[in-house]
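Letters A, B and C mark the chains in the order given here, with residues in each chain numbered from 1 onward.
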Amino acid sequence: MTHMRRAPARRQPVTFQALTHLEVNTSGRGFFEITAEVAAFLAEAGAATGTLTAFCRHTSASLTIQENADPDVRADLITALETLAPTGFGWVHDLEGPDDMPAHVRTMLTDVTVTIPVEDGRLGLGAWQGLYLIEHRTKPHRREIRLIFTGTGVE
Amino acid sequence: MTHMRRAPARRQPVTFQALTHLEVNTSGRGFFEITAEVAAFLAEAGAATGTLTAFCRHTSASLTIQENADPDVRADLITALETLAPTGFGWVHDLEGPDDMPAHVRTMLTDVTVTIPVEDGRLGLGAWQGLYLIEHRTKPHRREIRLIFTGTGVE
Amino acid sequence: MTHMRRAPARRQPVTFQALTHLEVNTSGRGFFEITAEVAAFLAEAGAATGTLTAFCRHTSASLTIQENADPDVRADLITALETLAPTGFGWVHDLEGPDDMPAHVRTMLTDVTVTIPVEDGRLGLGAWQGLYLIEHRTKPHRREIRLIFTGTGVE
């Protein structure tokens, strides 16, 4: 038996949604944290409680929620993605360069979209969680992320 | 410093949700694009702006958002999934055939559910993104996908 | 041509959201099914039709929707995750023990958040689907999951 404990359900009306577009200019392969920008959007929109969805409009860059403390973690995650989808694997699709097809595989293995609960105006992330855009291409790219909040607003 | 640019938040009331069930008859292992069916559902439902969630009700078929241009990309993605979860690995669970357990692993590594922002009646996919059902089993199967839109409607 | 069949769209007003926090005490590495707790939350909240989002507030535990019948499937999934992100790989980040960095990679490859359609008070899972928390660390941990439903309520 797994021991579980569940808090009483809290009910609220759903009143509005708020949207924005976020542009991120990456400096090439790596992790780029966007947590603060998402929090700023929630504050600007007057979001109180509900859900926040982030969506990455690309197939060679993606999203993930990962540890925001030790940078070695992100270095190891890059190593893991390189191992799981090696650059020199012999992919058929290589018209856009040797880093393109591995970027598609790494996008498939991570997230294009994430939905995060929001409570009292704050993202419901855990203490060690940050929201990251992962740039899978070697060179810098301009990436577009759409954000949408659905729920209740601040009074 | 990562350079980011964020558009002003747009607020709207949330008025309705719309649901449907989608059946896809696959011809066996491969990628099956369902973007047009999802767009047709949004049009029929009178969806304007909000979120669209697609949910795949299976553990040996899944969803992914991937490049919709060069078909070589999907061929390479199939190769990647075969490499990551090999058919002849020596899985314990093989009552349903040698292609069943790798199908579960490949489902776990890709997506059972995706949420896509919708703006002005259109899916917020990037230029090269398509929504695909991935059939992981060798033989044809009938697959069920549930779609739900939440947001504002067309006037 | 892929054969598809789509049911007529059903429209409903969106009236409310309900939230809760779920604590799961794991006994160490493995799969812990939370489907029944999520269903109990929906019943308590008076949820009828909409979406349920589950969010795991950790970077070394995650969520997945997988087969709930043969337990051999979960054993094979553990084997697959061990193969994809080996414990003794030589990760740079090892301050928190040899099972910590593989846990981050396995979290990245599976799900931190899932959204499931709800119809007539029931989770829209397929016949063989269950919602699981995956504990990636060797030792027992207390894990927090946030649940939020958005949609219509029971009359």
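What we mean here is this: contacts are C-beta pairs under 8 Å (C-beta built on N, C-alpha and C of every residue); 3 or more make two chains touch, one makes a residue touch a chain.
Quick caveat, the model's predicted, so the values are computed rather than measured.
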Fraction-based call for chain C against chain B, same above half, different below: different
Degree value of the rotation bringing chain A onto chain B, based on Cα positions, nearest 5: 120
Where chain B and chain C are represented by their mean Cα positions, the distance between them in whole Å: 17
Chain C residues counted as touching two or more neighbouring chains: 14, 84, 109, 115, 150
Touch list for chain A against partner chain B, complex: 14-27, 32-34, 37, 40-41, 44-46, 53, 55, 57-59, 84-85, 91-93, 95, 101, 104-105, 107-109, 112-113, 115, 144, 146-148, 150, 153
Complex contact set, residues of chain C against chain B: 2-14, 49-51, 64-67, 70, 72-73, 75-77, 79-80, 84, 109-111, 114-117, 119, 124-129, 150-152
